[in-house]
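What follows is a single structure, and I will ask about it in a moment.
Letters A, B, C and D mark the chains as written, and numbering starts fresh at 1 in each.
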Amino acid sequence: MFELSKEGKEFVKKELDRYEDRYSAIIPCLYWAQKENKGWISPEVIDCLAKEMDLPQSRIYEVAMFYTMFNKKPVGKYHIQVCCNISCSMAGGRELMGHICKKLGVTPEEVTKDGRFTVSQVECLGSCGTAPMMQVNDDYHENLTTETVDRFLSECK
Amino acid sequence: MSVVKRPSSVSQWYLPGIFVGLYHTLKALLYNLSHRQKMQTLDYPEEKFEYSPRFKGTHVLTVKKDGAIRCTACMLCATNCPAQCITIIASEHEDPSVEKFPIAYEIDMLRCVFCGFCEEACPVDAVRMGPEWQIPGISGTNFVKGIDFLAFRSQLKGGISSVLDDQERHGQGI
Amino acid sequence: MESKLLTEHYDKESFRTLKGYQELGGYEVLKKALKMKPAEIIATVKESGLRGRGGAGFSTGTKWSFLPKNDEDRYLLCNADEGEPGTFKDRLMMERAPHQLIEGMIISAYAIGSKKSYIYIRGEYTYPIRVVEQALREAYDAGLLGKNILGSGFSHDMDVYRGAGAYICGEETGMISSLEGLKGQPKLKPPFPAVKGYLKKPTIVNNVETLAAVVPIIRDGAQAYRKFGTEKSAGTKLFSLSGDVVKPGNYEVTLGYKLSDLINNEGGGLKSGRKLKAVIPGGSSAPVLTAEEAAKATLDYECLQQMGSMLGSGAVIVIDDSHSMVDLLSTIMHFYHHESCGQCTPCREGTGWLDKMLHRILLGEAKSQDLDQVLNVAKNMMGRTICALSDAAALPAISFVSKFRDEFERHLKEGFKEGKSHAQMHH
Amino acid sequence: MLKCTINGKEIEVSSGATIMEAYHKLQEEIAYYCWHPGLSVAGVCRMCMVEIEGNPKLQIACNTPVAEGMKITNESEKVKESVKWTLDFHLINHPLDCPICDQAGECGLQEFYMTYGKYNPEMGDRKVKKHKVVDLGSQVVLDTERCILCSRCVRFTEEVTKTNELGIFNRGDHSEIGTFENRPLNNKYAVNTVDICPVGALTSKDFRFRQRAWYLKEFETTCNGCSTGCRVNVFHNQNGLFRVKPIYDEAVNGHWMCDEGRDIYKHINLDQRLRHSKAGAQQVPLEKALETAKQALKAAGSSAALLITAQYTQEENQAILDFFSNELKSSNIFYWKNNEETFEDFDGLLIRGDKNPNTQGLMNLLKEKSASGSWKDLKAKVESGQIKTVLVAGPEMLSVYPDLNEKVTVLSKTQTIWLSTCEHEFFDQLSLQLPVSGFAEKNGTYVNYAGLERKIQAGVKFVAEALTLQEIVSAFRGANVSKTNEVAL
């Protein structure tokens, strides 16, 4: 059973009064809960949030399922999100993703056996000038080439 | 104006008519005795006449590849039937991909006028009019035939598979 | 003349901090604005001819004047969702000059009399969010926000709201729904946001660049701003240049600047040995321009409108002859299929249908009637939904297929150069 | 008031009304799915496009307010083409499993396909596969492939019952209606979502696969489940009653009805009915039973007692009370009040604790006859032997009378004539049982909690020997009640 930490509960209380409408706190609280639940939103997380925020589960579940940044499946320690939109695909984004998947030996959206990596294809990340690029957890990695990617993957512990 | 043709006097005599008739019968008898294979008559029931596929005879409930009957109990045949002789009782199937199937499908053969409307109405080719029409029975027999007779009677040799099968249907995305 | 109204000091590191920003003339305009009457500010903005920089290009002054005249409390929302493929200018502005945006927003809030405003930043921009939040803390500490700003009696609160990954939240009412904690699905119009927006209160939603442009307008006055750009498209704009150019990046040029100049001068021209095939002038939802049209095009609202395209968010994507238009259109259709919010039937089912058809065309398993079918479906999706995403999906499909029909036909006959596996990986 | 013309017809609507309300008022034909008079406007199905003179773009009728002198049409070619395409968009991912769908025959997609549909489907690609036969709760089954995402059911659980069980999850054409895992759709108005679902996505478990919609006839009557008296439609054919749906009624139930009321058809069907009069466990011909009852009551005269429940129509109450006070000159009239403790409950919407349709009506009549006896008084008199003969106008809905057993054991000691619609093995302990017709088999009036008159009509007649109280009273007065066994179906 997922249970929010103490400061998690304080955070939720603070967010509920921060906005004019209690519902606005759903997205920030989902972000926090996702961080505490190793990077993905499980039904238990939604149950716990619903009790904590006293909001209907279906509304929280709707928001969690709607937005792409809330992961519905377990993800690895490093969630590699490769952009394959227009400019990045012209700069070879998809080949890059194929290369990463082959190198890690994992299919997109799956977790590698050692639980370190998940590769997924995402839409435009607003960094088309520095194509091809990817986002790993919170930070952008731009102007990628297969060498820089390989070096990055080897550094990730 | 039309002139009535009267028969000639010789043909009105009694005996010549008999002999001409007997002559034709004997001629055919002798011919058939010598040419056994060309005879038109069939040695029923060992030989049976092959009706065309469009022949509207006793109904056949087709089956799916897995042996269950194809009918989904949608009642369109019962609705379209002018003699209202089809009664269907639908029920829930435990396999969610099948969902609905008939636990009882009965046709009252005495009421049925064999018009084929049910065959036309069926959206999934579940009921067809078969090539046979012999439904023997005396007053005591039950002429209301159920699924066992319509789908699995011996002449059907295990059931005739329907043109439309579930997997194909889903496969084509229709 | 020097056309760097906004990005003049972007290269200086200190411009991001409050102290650095104030040294270069920051927040002087705010002091000037607070002395002016709000109506006067709205008149100046309207007179300056400033039009929305986010994509619609609607005159900002006019939009502000739709607000009801009563004293009902109203909201100012900054649309920093920037989901339009090809656009990355707002990110640059937030990373390099958060205070410019904050100052512009305080002036705008003062003009429309709003006590609370939000900056809705897309969830993926974690670094810009940190920078803007830091800038907000500095502004609050310096008394530029909160109660009784600079002793002017006008008090205003500003907050950052982090989005969670949905292109549809770039649409005005989609963003409002997301701010209200619902799914980011656009709301029915009427009522328009200016009358009933965030929490059913009057709301003004403006793009980052639009709000930042208010600062030079109030500083130098409307006429000085009008000197830049053309008669109907006044001022300067940041263009996000990307694709097959030597130096992709953000460039601030006056409106009316020639597209070919932007590509060859600022962009450093095409990569060696390549020929220009097409240009997407205003982000993925702008109809594509062929090489000939691009040569004639100038970067302002009217000229691109006449050529059947639009300025949009100013994201110029250059496509040279090494890329297949079929592959690009399939990517765009996949994007819209993935991003449709699913409320209205024509868009929800239409984007899926277009995506599947384009994928089939990309794999070569299609006939030329399928191309007509794409046009037919796209035409019947447009103009029938709550928001413009169905138009944004249909317009590229129509422009790609009709302007590059021969390439599509050739593709159907010869199949895909890089072979099927490449295309399959697309899905 | 605003004036506008719709398809050439002049109409006047209140200001602020939308074009759809004008169409609704004019009963003019327009295609729509997500609009519902009892719910908020969603404007998502995009079917109700209309062309307004002077406006190049088609507008949706459900959200566009009427302006003075507006000329509106939805019969122009442009609108028909738009509706045809929007319907096609609805159908491209639809499973087309009409053979196994309960909604066939009354499905919105079929209905508008016939008037606007294009007859050659152009979508050759693979349809989106979603969850079928999803168990949403005790009453409702969901099929997300048939669902056209009009969000009526979601708005219902949000605005009417405010229980928020349903939501639309995921995005784009993979969106699906559903509930969160441990919060099934189990509120007391769940089956209303089945009524307002324009397609076969939400189907009722109770009615699942039991009958085809086009085999059912319907008649309008009032629900006798509780004292609210909702206006309902009862669906039936020769095999029995099958389901009950609400009818819009401004004064009492609006567009909705509760799930308990949906089971009121069950006790009318033959399997639960008392079909013949019985003396003890022995079946007795009707005439003989009536005769013995008449003699017993006449013999007891003023010492005969009447125990009456509030389950009968006003006319029936009047007849039986007059018979007792005028003919028998007896004032032993006792009112049987059931589940006293929850009598005054009210759930805020439609369900009331008082499970009798005509309490108010009976109270008025009892006050006239100034009879205030209750069950306790009758019980005392029976045990003390003062009363030997009791006529019981028994309850029609046995399920809401938990104290049935106690009454029967007490009354089995004396000579009791029990009038009942349904059969129950307890009644065999009584000296005489007479079959009485149910609410669906008689004309009459109920008076609901607020004193409003609620009409019921005789839609069917399943039990030939079942009489109404008026017929029984006229039989006691010697009229020859020749009950032919014609049965009206």
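FYI, contacts are C-beta pairs under 8 Å (C-beta built on N, C-alpha and C of every residue); 3 or more make two chains touch, one makes a residue touch a chain.
Just so we're clear, the structure is a prediction, and the values are computed from it rather than from any experiment.
K.L.:
Select, from all pairs of chains, the pair with the highest number of C-beta pairs in contact.
P.N.:
A-C
K.L.:
Measuring centre to centre, with centres taken as mean CA positions, what chain is farthest from chain D?
P.N.:
Looking at centroid distances, C is the chain farthest away.
K.L.:
Could you put a whole-Å number on the gap between the CA centroids of chain A and chain C?
P.N.:
Spacing between the chain centres: roughly 24 Å.
K.L.:
Could you please state the distance in Å, as a whole number, between where the Cα atoms of chain A are centred and where those of chain D are centred?
P.N.:
Measuring from centre to centre gives 50 Å for this pair.
K.L.:
Please compute the C-alpha centroid of chain C, do the same for chain D, then give the distance between them in whole Å.
P.N.:
Their C-alpha centroids are separated by 55 Å.
K.L.:
Indicate the residues of chain D shared as contacts by at least two other chains.
P.N.:
125-126, 168, 170-171
K.L.:
By residue number and range, which residues of chain A touch two or more other chains?
P.N.:
59, 62, 66
K.L.:
What pattern do the touching chains form: line, ring, star, complete or other?
P.N.:
Topology of touching chains reads as other, fitting no named class.
K.L.:
Chain D touches which residues of chain B in the complex?
P.N.:
72-76, 79, 90-92, 96-97, 99-100, 123-124, 170, 173-174
K.L.:
Which chain D residues qualify as touching chain C in the complex?
P.N.:
Chain D reaches chain C through residues 41-46, 49, 57-58, 63-65, 81-82, 85-86, 89-90, 92-93, 122-123, 125-126, 128, 148-149, 168, 170-175.
K.L.:
Looking at the complex, which residues from chain A come into contact with chain C?
P.N.:
Per the touch definition, chain A meets chain C at residues 18-28, 30-31, 59, 62-63, 66-70, 84-87, 89-90, 94, 97-98, 123-131, 135, 138-140.
K.L.:
Touching residues of chain C toward chain A in the complex: what are they?
P.N.:
82-88, 90-91, 116, 122-127, 159, 161-167, 178-184, 199, 240-244, 248-250, 280, 284, 315, 317, 319, 323, 327-328, 331-332, 335, 338-339, 341, 422, 425-426
K.L.:
Using the touch definition from the top, list the residues of chain D that touch chain B in their complex.
P.N.:
Listed in rising order, the residues of chain D that touch chain B are 96-100, 104, 125-127, 129, 132-133, 208-210, 212, 214-215.
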